[in-house]
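Each of the two complexes below includes chain A, the first together with chain B, the second together with chain C.
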Partner chain A sequence: MVERTPILNFFTHLILFVGFIFCVAPFAIVAIAASHNLKDVNDVPMSLLPGSDFWVNIKTAWTTADLGPKLLNSFIMAFGVAAGKVIISALTAFSIVYFRYPGRMLMFWLIFITLMLPLEVRIVPTYAVVANVLEPYQAIMDLTGLSWLIEKVSGVQVSLSLGLLNSYSGLILPLVATATGTFLYRQFFLTVPDELTEAARMDGAGALRFFVDILLPLSRNNMAALGTIMFLWAWNQYLWPLLITTDQSHAMAVTELKQLIPNVGGAPEWHIAMAGTLIVMLPPLIVVVLMQRWFVRGLIATEK
Partner chain B sequence: MEKRVTFSKWTIGILFAVPQLFLIFTFFYWPAGQAVYWSLTLQQPWGGGNIWVGLDNFRSILSNASYWDSITASMIFAGISTGLAMTIALVLAALTDRQLAGSWLYRVVLIWPYGIAAPALALAFRFILAPEAGFMAVVNQAWPGFWDPGLDGADAMASIIIAFSWKYVGYNFIFFLAAFQAIPRSLIEAAAMDGSGVIRRFWDIQFPLITPTIFFLLVINITESFQDSFGIVDIMTAGGPANATNLMVYKIYSDGFKGLDYSGAAAQSIILMLLIIALTIVQFRFIERRVHYR
Partner chain C sequence: MASIAIRGVKKNYAKTQVVHGVDLDFASGEFVVILGPSGCGKSTLLRMIAGLEEISDGTIAIDGTVVNRLEPRERGCAMVFQNYALYPHMSVAQNIGYSLKVAGVASAERAQRVQAVARVLELEHLLDRKPMALSGGQRQRVAMGRAMIREPKVFLFDEPLSNLDAKLRVQMRSEIRKLHRRLSATSVFVTHDQVEAMTLADRLVVMNGGRVEQVGTPAEVYSRPASRFVATFVGAPAMNMLEGTVTLDGLSLLGGSRKLNVSRTGVPVGSKVAVGIRPEAVRMVAPGTPGALTATVDLIEELGAGRVIYVDLDGVPFSIVTSETVHPEPGSSIGLQFAETDLHFFSSETGARLDVFKASVPEPAPATL
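Presenting the complex of A and B:
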């Protein structure tokens, strides 16, 4: 940069190159192993020259783990979570930033606290809620005597029940219920000049008009960043889909990988396992490569 | 910071927040409250009501040696993988920030691992580190029995640490690089003019200026090592051998859903929640400093 440091430059290049190799090698090994046959993949050491069975293995992995519908499920879930976050966070941030109502700070903190506790640590009770999503409301009605009142008046016994296990909403909604995106929007809305709001109001625009026609178009960059991050995050979810989808028709691609682990005592079919791994890791990798700018931006912005 | 200009119809404003409030009530506050309730009662897995037991669940967990083993395993995992991932990322980011020819390549490629799902990379590493087929088999041929994550707890721990660190090097790299690039070039040029070398500049200027990022990443890495490790553990070791890699979240899952001990799992969740809240509070103390330097 500012001076000549040939020896240091040499070591810089050397270390960075080693880092590069360590970063790329697993990808390469997975791809190469996926191209071998059963015998070659178990050779010690495994040949680093690609074999010829790549497409055969991909096909076998695809059919063994039934990846077609599973990938579709993963896409639906990831899109659902990304879209839900992008929309709901924008609405909430607008409410928090642009209105003054009683209890606004309470609301702010209620939402903020959700950042602290990720789904993984409250997984057991969340599972119970999703098994019957109306249970909280039933309990509240029971506690407040509302269901007793209804039973007295109309003779109907209230028992609300709506199970979301094995459904897309059961997969998506709990993952949307955190504050990650809300604060991204909030920080951005706070930088939008007040003059813009004043001008819009002077021209007769109401809150809704201002939100749809001015604020949302301005937040396009934030939406792209948030959408990219949330898509990847949802695609990579594992524990939650594992619990919620007991039924094969709603299983995710990532959870299906477990079926490809070679059994102890069975044939060590690592070539099939690696082909499956390659298929599952490819979509997020493509998103990272194509959307790199938004990915980095979203990552840095959402973690504040 | 507050807006000077706002809209007066605040009923509309509340309506905007309603969807979010419904979601977090149903899927966040209710389950969190439920966890507290369960942890204080004895829940029958097949229904039939709860018995109030006070702090008994916590007492029985905390007097259980296998729970302390799980905590120890989580701490070892968090400590070593955070240290590895952060040190490697710091070195790579500092070197990339020197902006020699070709540094754009590293900037692009080094973040790829972070995009990969934990179970997918776990399966990849399970093959790479497999004692009989992958690359450690070569080592095993030279020294038979040197490496066997299926039997040796330390080897199993090492494999999940390697897999986790590989992913989080990319994550830390992004933040370190952003922090380095936020340092004004003029500062570094001025120091160079005063005759300080590259290494001196790193320790006396760049490193102190990125300490807020280091603290921030330290907390995030430790928190993530509690959560994101589940997929890696489940695919690579399933908590074994002999519970050597039975990390806290994995234990909650296996006690709650395999062992059907909801009350015990809830009490473990509460302990983990408190741990993460404590870490988050630490993080907020340092966030102030982080913003200050920007």
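Presenting the complex of A and C:
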């Protein structure tokens, strides 16, 4: 039912416009606040006309919070998570959809269960594992008496230790292993006609060849969608990076914004904080703008 | 070129058996069509030859080598799928050349062979297109090209024409036939369309319910159907069937209202038989003509070149194909006449053809309208 009357057009546009204002207003206020000086930003009410100190504030924010290396850290982490997700999801979904092996459904449900255990729920054990990745193995060896045996026989005390605190792998790996991507891929792989698989078999392509030559090119839209979502999600992570990066050289841009927020008793430098926010917001915005076309295609059904 | 020998092949899915012990031999270079209704196991059989389905029991040998345990690529078969199954992200040239790429053929030679195949199929101007930008017939040709380029010993076709419109289907049919004459590779073609089957086949295999009903040339299958199923499945409109009972002096039809003077050997009196007569073999005569059956016209289907007349013969639906330009009114009576040599007899119990009946009394010359 598509009706086009001037009145209806007017109201649809009005609704769209109101929605647009609702979405954009906070960003506009941030941008305006970032352009004021210390006095103007603390006026009540704040003037909604942009001030003239925008670039000065940006520069101050950049140097105060040392955003250069932090943005790089954030980028490495977000990119690592996005890439890791895309690769692992594709592989796990490929295994679940295209192979029949014992325990397949068990695997599927194990992956499914991780959906119910977000990082926040399992943050303590995850921290323990990241602090020493080999801890679980140590525990198993201690429990089974294996380490005791080794100590008796060789005189070497077994103490496994591999810490990932303050490292990129420690930041990335715990965020990579979740189920959402696997499901997205699984749903897509299920829509790939069986005949295509069979045609590839007749053409002599083995499983891996089929995966690389046929499935991956066909799922590039899904990859773009998943990659974009995961990049944004990882970029905005706060709790996990805050927890495991005690060392400033591995701090993230998002967590470092805290540095710019005025302390009690300090000068109320909200214009600097807003400028910093703008900077940190920019990379995800660029990613969305660049990936938008693929992203939308990947999420709406299948291309015909 | 290769011969195919199928011995006692069965296929089970979990507990249900869908192919019950099939024995077939396809000669080298032969064009065999497997015909049957949907669900008769014809595609399963084809896929077992291709290696896409496991063989539950029995053996399939290509050129004397048992291929049960071989991967599809090792069997030397190429397959054309019903939905073409072209790789949507590859151009026509890449689609055709993919098997060579997998086999590690150098790109120069690959391009040359793709060109050669494209020339045969008249696809040269489309090589850079994606399958999405092709018409149904062109996609079909690409699918054939993909099969041809491997120079396979065996061509397998799984209902490749069923997605095309009627005109293209006829055209592709003759192209496939020409292609076969040119390549003379052993071809197995599965279809449920009997016109396709009759026109393409050197030899026809009719399947039903996971069993082979008859193997023979299209003419043989048409003129001497081996079972009641084949008789009614091959030929359009379907063969008319009348139930009869063996009597002392012949056969009684239509509840005794009509007698056939046929000799019988070895069939006990009182046993039930089905008597078949093709609609094409029935002649329309004026009602009341001596020796003719009287029927009431139900419906007339105009075919242009001829017409199908559906009549009611004492409660039994019956059809006649005639090329005469007669248009009897629905509800009117007409006479039906046929030569007893055109009759087919089948056991009512097993459906098997009975050749023990011989029409002994020749029908008087038919009266012309």
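Just so it is clear, the second predicted complex is superposed on the first by the 262 of 304 C-alpha atoms of A that agree within 3 Å, B and C clash if a C-alpha of one lies under 4 Å from a C-alpha of the other, contacts with A are read in each partner's own complex, and residues count from 1 in each chain.
The rule is short, and it goes like this: a contact is a pair of C-beta atoms (placed from the backbone, for glycine too) under 8 Å apart; a residue touches a chain by one contact, two chains touch by 3 or more.
Model, not experiment: these values are computed from the prediction.
Engineer: Could you tell me whether chain B and chain C fit or clash when both sit on chain A in the superposition?
Structural biologist: The answer is fit.
Engineer: Going by the contact rule set out at the top, does A:Arg201 touch chain B (first), chain C (second), both, or neither?
Structural biologist: A:Arg201 sits against chain B and chain C alike.
Engineer: First (chain B), second (chain C), both or neither: which does A:Val30 touch?
Structural biologist: After superposing on A, A:Val30 lies in contact with chain B but is clear of chain C.
Engineer: A:Ala78 contacts which: chain B (first), chain C (second), both, neither?
Structural biologist: Touch partners of A:Ala78: none, neither chain B nor chain C.
Engineer: Looking at A:Thr114, would you say it contacts chain B, chain C, both, or neither? Reply first, second, both or neither.
Structural biologist: first
Engineer: Considering only touches as defined above, state whether A:Arg209 meets chain B (first), chain C (second), both or neither.
Structural biologist: second
Engineer: Thinking of the overlay built on chain A, is A:Val176 touched by chain B (first), by chain C (second), by both, or by neither?
Structural biologist: Once the two structures are laid over each other on A, A:Val176 reaches chain B alone.
Engineer: With the two complexes superposed on chain A, say which partner A:Leu218 touches: chain B (first), chain C (second), both, or neither.
Structural biologist: It touches chain C, and chain B stays clear.
Engineer: Applying the document's definition of touch, where does A:Ala65 land relative to chain B and chain C: first, second, both, or neither?
Structural biologist: After superposition on chain A, A:Ala65 lies in contact with neither partner.
Engineer: Looking at A:Arg122, would you say it contacts chain B, chain C, both, or neither? Reply first, second, both or neither.
Structural biologist: After superposition on chain A, A:Arg122 lies in contact with chain B alone.
Engineer: After the superposition, what is the least C-alpha distance between chain B and chain C in whole angstrom?
Structural biologist: Checking C-alpha atoms only, chain B sits 7 Å from chain C at its nearest point.
Engineer: Which residues form the common part of the chain A surface touched by chain B and by chain C?
Structural biologist: Shared contact residues on chain A (touching chain B in one complex, chain C in the other): 198, 201.
Engineer: Applying the document's contact rule, which stretches of chain C touch chain A when the two form their complex?
Structural biologist: Going through chain C, the ones touching chain A are 50-52, 71-73, 77-79, 81-83, 85-89, 98-99, 102-103, 146, 150.
Engineer: Enumerate the contact residues on chain A facing chain C in the complex.
Structural biologist: 193, 195-196, 198-205, 209, 213-214, 217-218
Engineer: Give every residue of chain B touching chain A within the complex, in rising order.
Structural biologist: 1, 3-7, 9-17, 19-21, 23-32, 34-35, 38, 88, 91-92, 95-96, 98-100, 102-103, 105-106, 108-121, 123-128, 130, 132-135, 137-138, 141, 166, 169-171, 174-175, 178, 188-189, 192-193, 197-199, 216, 220, 223, 226-227, 230-231, 234-235, 249, 252-253, 256-257, 262, 265-266, 269, 272-273, 276-277, 280, 287
Engineer: In their complex, what parts of chain A are in touch with chain B?
Structural biologist: By the definition above, chain A touches chain B via 1-3, 5, 8-9, 12-13, 15-16, 19-20, 22-24, 26-27, 29-30, 33, 41-42, 44-46, 88-89, 91-92, 94-101, 107, 110-111, 114-118, 120-130, 133, 135-136, 173-174, 176-179, 182, 189-190, 194, 197-198, 201, 206-208, 210-211, 232, 235-236, 238-239, 242-243, 254-255, 257-258, 260-261, 268, 270, 273-274, 276-277, 280-281, 284-285, 287-289, 292, 295-296, 299-300, 303-304.
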